[in-house]
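Next come the structures, one after another.
Both complexes below contain chain A, partnered by chain B and then by chain C.
Showing the complex of A and B:
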């Protein structure tokens, strides 16, 4: 059997695939953060809590309303996105004129409150959520046994990432958005309702987090801490990709997932630090991030 | 903010307040009050198996002991150690030095246990561990100020590990939480496996706490070991089992061995996923009349969560501690923790949850353990009806022999 650095090549392909799957989550989450930061200059620390809320809303829809996974995939992002709109209107919109730090502190505080509330009501062991019947089972790829659901995660995440990139970088709506970040007064003078656009942008970023949460519900335990363990890594991904860069966050999300996956084979103990080592190196060499415009 | 005269005066008054406020209740009555600190995980992966339920267990022990009738008061305080040894140590020091705490109980997370153990000994207080697991506490690091109550990293594989090897699982692969607890559990299990003629084909240590275990599970799968030993607990264990189901590991003939499984984990997994798991526990809420009566009082006050063996251990440990306090006298108990622990070891233990037992010289509490299997959804009669008994493990088989622990307190 072929081996690469003492590891059977076949096993290595499997690990690459897994890295790609984790990368799909990093990409979706960091994309939401990048959209929010790019358009609003707010560092949204509530993102992990909103990811967790997405998973919980999926669970609630199933257990309280009898609506299954596919409904949750549509309704949960809408519901959580709506809470995002409320948060933006009531709180974040008051902080635009102040330093970034205030937005960071506000959203960090909100994350702690939301997670605490969920922990109070649902405990920490997590709730079971089944893989939908259509996606159960697995494919034998020859080099690995790929659960259908994980395959779906990669596809769904890639499609949503590309759509978002396309809307923001290639359409008229996206052009308005980008213009509104650069020169809000001027865009307003053209008759565009800039505050409403910003509110909806935040709602959209939050909905992306909730979408990732629904995707995660069947494979990770649905529990109040699920977001906080992921969010720090996702911030590192955003910093490496370049704050606010849409394409950068997608590419680095998938890329770092793969690097982390490989680390799990060669040096498992270091697998949760490797991303931060890369972050430190990137910041030293390219302070604006790999895809950032300094 | 503009500072005007009113805010300035207000701030000055607030600053001066501590100077004029007389020392409040606790200090004034400290002489007659025993304070017990529940140091636990209130915010992370071990919250349901310990956490608020442990605080409740301690409270219920105090209620059942009824110290007022015996002429002293007992207060319960609690804090979150965040699974960090530094936070645990700082809290323990503050509690002992500043807040007049006499005993610290619960302590999920072995790293915190070992840190607080040093401080407790140095300050001559009492530590009763109900959810921490490392056998080092009754081994090289044993202390005259500590009691290890519910289970440890020897008792768990002594049940599950032996049973799996006896059932033909003679090759193992470990997925281990990368800290004191995981290492200790893995090492002890490995000893049982090799002693029974089995072999360990490989091991992987995952960062603690983890989220995605699929990579480690795939490594375990390609090792072709018959048994995958999960030397982790709580949320890590739940995620491992869930993801193993997804990758069809059990369906393809490998068995999972959960080495430290709590009823709350099984509840979180659901019977569909957890069915058939073999596990070792010191307490099951549906075992006998007493355990059912305790659970019936406990769960309405704990968001419906049934008591885990950790909660039961806190209850029984605190109850026995208070009996010892009564025996040595409150004043002596406050000034000399080692004397209380000595009294705890001298008296036989007796409580509704663990029955009759004793505390060994090295601090190890001795009681039988139980080997259970998780029911199938069809066998379960309702929520929280999860286990069926395979057999009782007598104390002689459940605990590491006194002589093997290298505890300096044990003189031969």
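Showing the complex of A and C:
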């Protein structure tokens, strides 16, 4: 059997791919956080809960309405994004004039409420969600077998990340958005409805989380706690990348997923903590983050 | 002491304000009467969390740093004290002190890393570092994994006083809380504490006045972590148990919630918040997961409409510090 650095090549590729999948989720979630933070200066602690909601809405659509995976991929982000819009209008918008830490505390409280409610109604054990028929099976890549669904997750996440990057960095709408981030009053004076833009930005960031949740549903079991453990890792990813750049959070997300996967091969005990250790090192060498502005 | 200290002029706060003396007297009466009216174990839990929340409040209330990772110090204090009391056969006071020492060392390391950033980043960094400690505790053999460390002996205080009776232990826990509380009060009202408040109000100005701001933040962080370790260690002795719950992130959230409900930046707020939240948890215990929902709702309500907290509102009504 082939080995690389004393590790069977198949195991290495396998973990590398698992790492890319985790990285796909880190990238989508940290991208959503960065988009929201850029616009509102709020760290959305509810992000993990909204990721979980995305997976649950997919499950509900399938089991209660008979709508399958592809519908869920569109409807779940819309539905969860709509709840995000309501949350922003009713609650978060009241806090913009205050210390940004209040936004963190508010969204933390919301996360507790949402996760508690789902735990009450669905229990903590987790619900199964089948891989859609079109994506079952696996491809032979020559050096390894790639389950189709996992390949799809990586591709779908990368495409959505790139589209988001393109919209924000390369379109007129994105230019308004970036301008409103820098000088909201001036942009308002030019007749752009900035508060509505903020609301929709939050809704969009939340929809990204829900989209990631739908992608995750067939891989992880759908359970109320799936978001809270992930979001803390994503926070570390955000600290490492710095939230100054959209592209930065995408690259950091995928990169750290791969590093985590490799750690699983070479030093399994450290795989849970490696991202946090990297965060500590980055804080020592480049406190603003790899792509951040001080 | 650096040069800047001597330029401070008149020491702020000459003597203790009457309102605080009165509140302290009321607290002493409640602590003294408590075990005759309520279940002592419940009150001991309140006192441990009151110290925990007060220690957390030192950072958010007086330096303006929101730590979302205090579970790490609480949990490590709890684990190390339990281990020292059970495996090494330490007397309870030495067990608690060793827990505090480890928590302080951990606080020194994490504080040193985290104070490189402020605001929201500080919160995320402390949370992530605490989660690293959680994963360490899941894997490390000495914590007993999912079982935790059970049947921790309460032992004899100083090798003499038997703590197996709840009543005896209660007075010891009350003394630990009062010592920690008064120490934190002293820190806040010392010249050192004045500099902390200056940093909270206007960090660039504190820097321009020549204060080594990072040193002050780090020392405050270590004090807060050490006090939290004492709270965690005392909790381990009271309940004879140290588990993963002590070190997991919801525990950090509880400290935040207690300080918020009681009043961030007030002296008596965190103990009041601890009493309210622990009482609420007790009342709602049979509702299971609804406790989380209610706590979340309290969080949201406090942030939206009640940011000053119970004691903060009282303080504003009276126009006197509490």
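Keep in mind that, in the parts below, the second predicted complex is superposed on the first by the 290 of 294 C-alpha atoms of A that agree within 3 Å, B and C clash if a C-alpha of one lies under 4 Å from a C-alpha of the other, contacts with A are read in each partner's own complex, and residues count from 1 in each chain.
Heads up, the rule we're going with is that a residue touches a chain if its C-beta (ideal position, glycine included) is under 8 Å from a C-beta of that chain, and two chains touch if they have at least 3 such contacts.
Model, not experiment: these values are computed from the prediction.
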item	value
Combined model on chain A: chain C and chain B, fit or clash	clash
Which superposed partner A:272 touches (first chain B, second chain C, both, neither)	both
Touching partner for A:22 - first (chain B), second (chain C), both, neither	first
Which superposed partner A:119 touches (first chain B, second chain C, both, neither)	both
Touching partner for A:154 - first (chain B), second (chain C), both, neither	neither
First, second, both or neither for A:284, with chain B first and chain C second	second
Partner chain(s) touched by A:226 [first = chain B, second = chain C, both, neither]	first
First, second, both or neither for A:179, with chain B first and chain C second	neither
Location of chain C clashes with chain B - one stretch out of 95-103, 113-121, 149-157 or 203-211	149-157
Where chain A meets both chain C and chain B, residue numbers	116, 119, 269, 272-273
Of chain C, residues touching chain A in the complex	66, 68, 113-114, 116-117, 119-121, 123-125, 127-129, 131-132, 135-136, 138-139, 249, 253, 256, 260, 288-293, 295-300, 302-304, 307
List of chain B residues in touch with chain A within their complex	43-49, 51, 178, 204-207, 209-212, 214-216, 218-219, 221-222, 234-235, 238-239, 242-243, 246-248, 252, 264-265, 267-270, 272-273, 303, 305
Residue numbers on chain A that touch chain C, as the complex places them	37, 41, 43, 91, 94-95, 98, 100-102, 104-106, 108-117, 119-120, 228, 232-233, 235-236, 238-239, 269, 272-273, 276-277, 279-280, 283-284, 287
List of chain A residues in touch with chain B within their complex	8, 11, 14-15, 18-19, 21-22, 116, 119, 121, 123-128, 130-131, 138, 144-145, 147, 149-150, 219-221, 223, 225-226, 229-230, 261, 264-265, 268-269, 271-273
